[in-house]
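As written, the chain order gives the labels A, B and C, with residue 1 at the start of each chain.
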Amino acid sequence: MDEKFDAIVIGAGPSGNAAAYTMAKAGLKVLQIERGEYPGSKNVQGAILYSKALEEIIPDFRDDAPLERHLIEQQMWVLDDESYIGTTFRSAEFNQQPYNRYTIIRAQFDKWFSKRVQAAGALLVCETTVSNLIMDGKRVIGVQTDREGGAVYADIVVLADGVNSLLAKKAGFHAELEPKDVALAVKEIHFLPEETIQSRFNIGEGEGVVIEMAGKITQGMMGTGFLYTNKDSLTIGVGCMLSDFKQQKITPYMLLEQMKAHPAIKPLLAGGEMKEYTAHLIPEGGYKAMPQLYGEGWMIVGDAGMFVNAVHREGSNLAMTTGRYAAETVIALKEKQLPMTAANLAIYQGRLEDSFVMKDMKKYKNMPEIFHNNNHFFTTYPELLNRAAHTMLTVDGVDKKTKEREIRKSFKQRRSLFGLMGDAYKMWRAFE
Amino acid sequence: MSEATEQEPPKKPAGRRKFELDPRLASYKGVWVFVEHERGVAHPVSWELMGEGRKLADTLGVPLAGVVMGAPGIQARRFCEDAFHYGADLCYLMEDPVMADYRNQPFTKGLTDLVNAYQPEILLLGATTLGRDLAGSVATTLQTGLTADCTELNIDLENRSLAATRPTFGGSLLCTIVTLNYRPQMATVRPRVMSMPKKDDTRSGSIIEHSLGMIETDIVTKVLEYIPDNLQGKPQLPFADIIVSGGRGMKRPENFQLIWDLAKVLGAEVGATRPVVQAGWVELDRQVGQSGKTVRPKLYIAAGISGAIQHRVGMDASDVIIAINSDPNAPIFDFATYGIVGNAMTILPALTDAFRQQLATAKVAV
Amino acid sequence: MHIVVCIKQVPDSAQIRVHPVTNTIMRQGVPAIVNPYDLFSLEAALRLKDEYGARVTVLCMGPPQAEAALRKAISFGADDAILVTDRAFAGSDTLATSFALASAIRKIQEDMPVDIVFAGKQTIDGDTAQVGPGIAKRLDLQLLTYVSSIVDLDLDKREITLHRRAEGGVQVLQTRLPCLITMLEGTNEMRFATMPNMFRAARYPLKQWDKDAAGIEDVSKIGLKGSPTIVSKVFAPQAKSQRAEIIDCESKEPKDLAVTLLTKMFTKYPNLPEEIAKVNA
């Protein structure tokens, strides 16, 4: 078949959907190819949706998008083996519309998004895997799929195929991912009645809580855990760097099992039925691990381009924003009837640099290394913090001053003052 | 079954409502069992149903009848005799040369005519390829309800209706279905789900003959040939008295030899769970369970089988179940007779030896 | 030749979970698929199309989402797809379903006479195997269930020869068109859709018929009203009260465990050794 499209988008995750929607809406002839059975079928996960990025694309998304709960409270826990110390931020402002953050179930959200994409006029083909990019010299002119008669052509190919983009690798746009640049996250969804969730987390109908966790739950590995409240389920998961898993010889599954057994977490899940278990990679290499993002006839968006802010657990918003920028780049060139050459597509890079996307990516560029080279963040500190809290809060006749001294001593014993200062400084530098 | 389970539950819970049977249907009386036979042999499911039908008829206080349809001859009458021995009070016999082989058209007409003429309130058939083919078209012709693949049949005494229970939603749940204001109430039951009743050779009954009223040229479909299955070497699970089954816990196809070894010593059939069949370790005919065979042997040995509901429904009517599983919490221990918590790879050979010795001493004793 | 294939969209029962407390089905996230048994019939139809030339129309009754099932059929190579959808059908059992489908097929006939109707052997949700025979009766088609292979089709004589699975063997049957066939599972394998057909499926303007369009005037024959069978209760299978007697012995050696088991078992079931000996002989 010699059908030619203005653009082919590979992948129907948030980035691919954003790109396909934006281009189709502008009247371009768009083909979107997804290897899953339906969009979201490979992405069955509870997650946080940041409204802003989606609003830019579909302003009225709140009308019919499958949103679970809007978040009114954020907790941060640092866990020891038996305890946790943490902060809670809850604000009535979060309860004012339009809400800023929601929990979503990706399988349903992606499906909804895709319906909008199709309504905008893009042609979606599922259960079809793009096996290769078709090249004319250095230029990408189409894609080869795994089906009979499966070559399709387009002026531009947008790679939105997620973390571990095999296509980008095959085409040489992207080096092999290194285990130190990707996290492996596992998670489960546990079903609980809506009312149980609301009373357990002290929230009303439609309101949600997020708990971010760090500390000994990752057993010294670089990573974090999380718990989200959905409408009638909880998403619980943990992610650590692939390189750490390799080294520590702990399976992600075991890690999650131990985490669920933590005395602070277990009662939150009690009585729930585990529905599904999924594992997924997250590209966390940050700015330094980013590939070339465009070239002759192609662009990379979303996870495929390492657009993830691991510290703030942002990914889908970057995916949608990069997808939109890529699409707007194509639309602008089409309007001016300019070819999709690397030189012309450089607009895309420019848009990224000018926006929060690259600014954030750059800001946190040193984070991965700092955490990597210092596992005290995941072992020693949580223990010390928890012990300190325990010491202070136990009323046992010892005066507070002595307690403080003991705490200081224990900190110094476990980690030299110099080391402590150094870590603090590095953290500050990384966040700054 | 009704789609109601899938959408919303029916508005009125039918079982509870006070119910008046349409007076036109009041004349429908008695329980019928269709006696299925092929090539001169009655299908055992017919007698299993006869046993079940007996209970229903007794509860209702009505007669139990067998329905025998086939080519004229001594054979058909012999099936009637058997029906009496297994519990029937009477038999409806329809003989015609066009019914020598099963074909949908004459059998549908024949059974429909019989129902219209003698008006039973309940009609049971085996859920076999023949029974399902016939039941589906007879129910449509009679415009009545049919519940397929039942696992339990009861009478709801409050309104004298048949409460037929069957698995639904991939076997994860059971549902009970009633056909209140239609007669007859039809149901099919899979072979081996019901137990075989005791045969009583002294019983007899009356035969009511009825003619079909069709000639060969009326019938569009012709049987050109019948190719009997070559049963040699083919597994005959449903009627085996001893079955040794293996599940995914056997880990590797090579290990399945341990199952075969024990089966050989016992003269048993080999069964398996669905994952094992799907992995190609044994042939499809050996699958026990909801989408495989229903079995009810005297002894069922399950090694490395978790006891998922879809497997269980196919075998939990076995007299004695021995389960070998390394996980003390495996669901199979919830319904097995004996359990050994341990590694099947070491337990099976030991069990094989123990049975071999026991058999040897038994022989000496004789 | 015109072939109609009836397909149903069903929840993938392998992924259905029952809520442990409420005993209700947890449908959330359970994907809907084309009833797997229907694919054997659809593939058989497509093979007839390949060999003899035919128009293949797929027909489905179900909620609007069922369109996905029909598109899938188009992607495999079906020519036309009709979704019969109406709130009035809710609660239909097999008798009411076969009534609705038979009416729709009569409507399809108005456009082009139908020679063969295919249905699945059974569904994985209803699992009754009744709808196919029901349609055949209502349309007065020759009924051929559990077909393992279609041997020959003579379009001039309008004769078809096929193998039908019987309990103890295979019947070789010959009959006349029009007929209704249900295929046995495992008798063929669904093809992999081509890219052009994927495009066609994505773009295909699906026909949606409500009850009027499907030619149904008598609403007492459809939906809950038209369904003789009533689900009076749905419940989880009861656990047997008896738990297995766990065999144990001091040494925990497999050999001793096995001997302990046999001793216990033969004491409690004294007839068993004889039964085993009988089978063994």
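The rule we apply is simple: contacts are C-beta pairs under 8 Å (C-beta built on N, C-alpha and C of every residue); 3 or more make two chains touch, one makes a residue touch a chain.
Bear in mind that the values here come from a model prediction, so they are computed numbers and not experimental data.
A.B. asks: Could you tell me between which two chains the number of C-beta pairs in contact is largest?
C.D. replies: B-C
A.B. asks: Select the chain whose centre, defined as the mean of its C-alpha atoms, is least distant from the mean of all protein C-alpha atoms.
C.D. replies: Chain C is the most central one.
A.B. asks: State, to the nearest whole Å, the distance from the C-alpha centre of chain A to the C-alpha centre of chain B.
C.D. replies: 53
A.B. asks: From the C-alpha centre of chain B to that of chain C, how far is it in Å?
C.D. replies: It comes to 19 Å between the two C-alpha centres.
A.B. asks: Just the number, please: Cα centre separation of chain A and chain C in whole Å.
C.D. replies: Taking the average C-alpha coordinate of chain A and of chain C, the gap between them is 41 Å.
A.B. asks: Among all residues of chain C, which ones touch two or more of the remaining chains?
C.D. replies: Residues 17 of chain C each touch two or more of the other chains.
A.B. asks: Which residues of chain A touch chain C in their complex?
C.D. replies: 1, 3, 37-38, 41, 44, 105, 107-108, 123-125, 128, 145, 147-152, 191, 271, 273, 275-276
A.B. asks: Would you pull the chain C residues touching chain B in the complex into a rising list?
C.D. replies: Result: residues 11, 13-14, 16-18, 23, 25, 90-95, 97-98, 124-134, 136-138, 142-146, 161, 164-176, 186, 224, 227-237, 239-240, 242-247, 252-255, 257-259, 261-262, 264-266, 269, 272-273, 275-281 of chain C touch chain B.
A.B. asks: Quick check: in the complex, which residue numbers of chain C touch chain A?
C.D. replies: Residue list for chain C touching chain A: 17, 19-21, 26, 28-29, 31, 68, 192-196, 198-199, 202-203.
A.B. asks: Which stretch or stretches of chain B touch chain C in the complex?
C.D. replies: Going by the criterion above, the answer is residues 1-11, 13-15, 36, 38-39, 41, 43, 101-105, 108, 128-130, 132-133, 135-137, 139-141, 143-149, 163, 166-182, 220-229, 241-242, 266-268, 284, 298-299, 309, 312-313, 316, 319-323, 328, 332-342, 346-347, 349-351, 353-355, 358-359, 362-363.
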